[in-house]
Amino acid sequence: MIKNNAPALAPLIFLFAGIIIPLVALKLRSLAYYVALAATLAATIVSIFNLFSVLETGPIRYYFGGWPPPIGIEYVLDPLSAFLTAVINGITFIVLIHAGKIVEKEILEHRRVPYYALVMLFLCGCNGIILTGDFFNLYVFLEISSLALYGMVAAGDKKAPISAFRYLIMGTVGGGFYLLGVGFLYFHTGSLNMADIKEILPVLGTNPVVIVALSLMILGLGIKMALFPLHGWLPDAYTHAPSASSSIMAPIGVKIGAYGILRILLFVFGIKFVTQVFPIAQIITWLSAAGIIYGSIMAISQDEMKRMLAYSSISQIGYIGLGIGLANPFGIIGAVLHILNHGLMKACLFLVAGNFRMKLGHSNINDFNDTLRKKMPWTTAAFAAGALAMVGIPPTVGFFSKWYLVLGTIENKSWHFLVVILLSSLLNAVYFFRIIEKIYFKSQHGSQVNEEKQPIKRSEVTASMLVPTLVLAVALFIFGLLNTLIVKGVLMKALPPGM
Amino acid sequence: MIDVFVGHYSYWFILVLLVIGLYGIIFKKNLVKKVIGLSIFQVAIILFYVAGASKWTATVPVLEHGVQPEVTVQYINPLPHTLMLTAIVVGVAISGVAFALIIRIYRRYRTLDEDTLLKYMNDDKE
Amino acid sequence: MKYINAFILLVFLSLLIYASTGLPNRGDIDAVVNRDRSPSGTQNASSYYIRNAYKDTHTPNMVTAILADYRAFDTLGEETVILTAGLICFLLLRKRRKDDEE
Amino acid sequence: MKSNADNPITTLISSIVAPFILLFGMYIIVHGHYSPGGGFQGGAMLAASVILLRLVLGSEIGQLQFKSTWGTPLGSLGVLIYFGTGLAAVFFGGTFLNYHFLPIAQEASMKRSFGILFVEIGVGLAVMAILIAIYDDLLGEEPDD
């Protein structure tokens, strides 16, 4: 019974948790957190199990209500979607362990119950988007996840409602564009199923309707993904959201849009269409390259750590877009690997920012100094690991996804993008070593002479926050060393057909 | 030419409505007006689907006397209507959330003017 | 900036109108959407619903049959959306319960 | 919100009309099989009848019909009915939401018909409860933080 329904199990578990949390919490509010944690653990186990079973048996298609695809809705569990659900659920599980304490600090008690329910519904939306094989179902789950995300952002500090409102306006317009694109496509092809449309499109030939439909869908998902000129909502939303929200949404939130674009461009419309008939892939590549440079430069000038990480996210999303737009095997492997790697790196760094906020009450870069190193040795070590990975120092994960992207640009002979990748690594180094210098290398100023006399007490965060941070920091190295295993075992099988 | 016009003019009006909604979102400075623009935008998309579902010869998709038809021209395409029922609910949910956010913003800043709010966002260093 | 935005909107509108002329005429009963078979030979969903909805679900209203049976998972998603909206309003605006203040 | 209870016309008319709106909402939900209607439309009507009373009699007296604290739990319950119908199909051996496996009727088409009915009731309950909850939250007084 469970085995038959395994493909749909992960989103359903999250949905069940999201429904049950408001009911359970009528009795005991503190249960909400443990229900959320248990659901995430269960979904992680299910999705890892799914990944292995897909690698063994090949793609599994799951029909809701027993109706075959053009009539009903189907879930498609192929290596790509199985891999991404496993990544998302795994990272979120680790982040949620960390979230327990910081939510207690930042969110009022009576608000925690709907907050955890929203987290669950957000994850349900993410899993649904990744697994679905139906365009309209994707829209519904896109709206679930973004709506939950607006709420998660708005629970933050004083300015959070304004940033959430701007995010809501942009996100809804994005969703509307996507829906309009689906409408054009539906009235042209008469189907909503991805696999079905893939068969129909070559028969109908090129038409302005198809081109506009594709552009509208990419535009809509591009807003959700924060592709370069459409990124306006991201920095404010990340900065003012509660630490728990930003450490959940930064690793996985925007990746969903990237995955949608990857799925639509290369699996539905096909490589030939998007590179030769209507070269939208090149447009995405150029925009991503601009986003990489823009995000890195803006990150250098930020004083607040979370804001800096937000701009760095824009530049890292650029890498994913670049890999998708290159539309060759190395580019796609690089992009998908970067979804995993960036998830780990950003989760680690945002957890570090959360730890700083927990203990110092702020995360202003200008106020960091070497007392931090003595106060919170483990957290700063995790930060150093994350920074090394972001810059792309070899044994860490950051190096390997960039390596595949570089191979991809070489294969396409697009040297300008190679320059962009190398330049942005340099810029990454600038803004991360700025903090590392403050924490590790700066000698003490005169004003701190008094403190030298009395040794600085160590005040590290509690174990439930420290362990997830360290686990992620160690994972940065482990997944870096295991990268050939992932690429050979999973990603080679996840390439779109015809590569 | 006249054929294209007669076949498509309703789409054109709907697309103009869509752009009016976008105009409201981009140009209006009051947050409530932005939400109104957003609603117009969503309604335009709903109308687009409903317009596409029509057939000249057909009636509403409810079977008469429970007799399954031989030909499909008798009833309009029910699928877009179903999809739009879902989209309407999504629109309602989004309006509800938008107004909740607006109330939160108004309680704190006592204004709904976007320029003033942006000034608060950039100035005040918490 | 104002004029640039207005210009972009107009360009966008004209692109959409140009694309919409590629759509089948409104109400055309021979359009791809209304055929029995899709161009690649698979079953077309909408004509399947019209022909078989009553046979399958004993429900004369096809929209209800699609909403709650053929595409029931979309509707579950829709319910989830409105539950999410309710939870967000709860999160943002609900006062604390009286017994909390002790 | 201020009470308008001193206005006899609105009080009288709305307290006569509200039960009929409620009844008509229920009719719309269960008659969705045969005529335009269904869970969402009916749920919106149920919510409208409750909100009408709140508008006219004030939120204090409005609590008698529907307590504000019921909103979110009842909404969750409605979605849970929907989810549970789908899950029951899984327990009886089908895929999620496959009403064909529910042990509620003999004929296959009747099984699906009943499945649709359960689902619509869940939808109606959820929509009613959550629309009222959103209304209550939007009109609530200022929180202290």
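Labels A, B, C and D are assigned to the chains in the order they are written; within every chain, residues are numbered from 1.
Definition applied: a contact is a pair of C-beta atoms (placed from the backbone, for glycine too) under 8 Å apart; a residue touches a chain by one contact, two chains touch by 3 or more.
Remember, predicted model here, so these are calculated numbers, not experimental data.
S.K.: With contacts defined as at the top, give the pair, A-C or A-D, that has more of them.
M.R.: A-C
S.K.: In whole angstrom, how far does the Cα centroid of subunit A sit from the Cα centroid of subunit B?
M.R.: 29
S.K.: Rounded to a whole Å, what is the gap between the Cα centroids of subunit A and subunit D?
M.R.: Once rounded, the distance between the two centres reads 36 Å.
S.K.: Go ahead and note the Å separation of the Cα centroids belonging to subunit B and subunit D.
M.R.: 24
S.K.: Out of subunit A, which residues touch more than one other chain, so two or more?
M.R.: Correct list: 15, 19, 22, 64-65, 108, 114, 136, 140, 143, 147, 150-151, 154, 161, 186-187, 192.
S.K.: What residues in subunit B touch two or more of the other chains?
M.R.: 18, 22, 52, 62, 79, 83, 85-86, 89-90, 93-94, 96-97, 100-101, 103-104
S.K.: Which parts of subunit D, given as residue numbers and ranges, touch two or more other chains?
M.R.: 34-36, 38, 40, 72, 75-76, 79, 83, 96-97, 99, 127, 134, 137-138
S.K.: When you draw the chains as points and link the ones that touch, which shape shows up: line, ring, star, complete, or other?
M.R.: Graph shape, chains as nodes and touching pairs as edges: complete.
S.K.: Would you tell me which residues of subunit D are touching subunit B in their complex?
M.R.: Interface residues on the subunit D side: 34-36, 38, 40, 127, 134, 137-138, 142.
S.K.: Okay, in this complex, where on subunit C does subunit B touch?
M.R.: 2, 5-6, 9-10, 12-13, 16-17, 20-21, 23-29, 33-34, 36, 45-47, 49-55, 60-63, 66-67, 71, 74-75, 77-78, 81-82, 84-86, 88-89, 92-93
S.K.: Quick one: in the complex, what on subunit A touches subunit D?
M.R.: 1, 4-5, 8, 12, 15-16, 19-20, 22-23, 26, 62-66, 108, 114
S.K.: Which residues, counting only subunit D, touch subunit A once they are in their complex?
M.R.: Touch list, subunit D to subunit A: 72-73, 75-77, 79-80, 83, 87, 90-91, 93-100, 145.
S.K.: Taking the complex as given, what residues does subunit B use to touch subunit A?
M.R.: Subunit B residues touching subunit A: 18, 22, 25, 31, 34, 38, 41-42, 45, 48-49, 52, 79-80, 83, 86-87, 90, 93-94, 97-98, 101-102, 104-105, 108, 117, 120-121, 124, 126.
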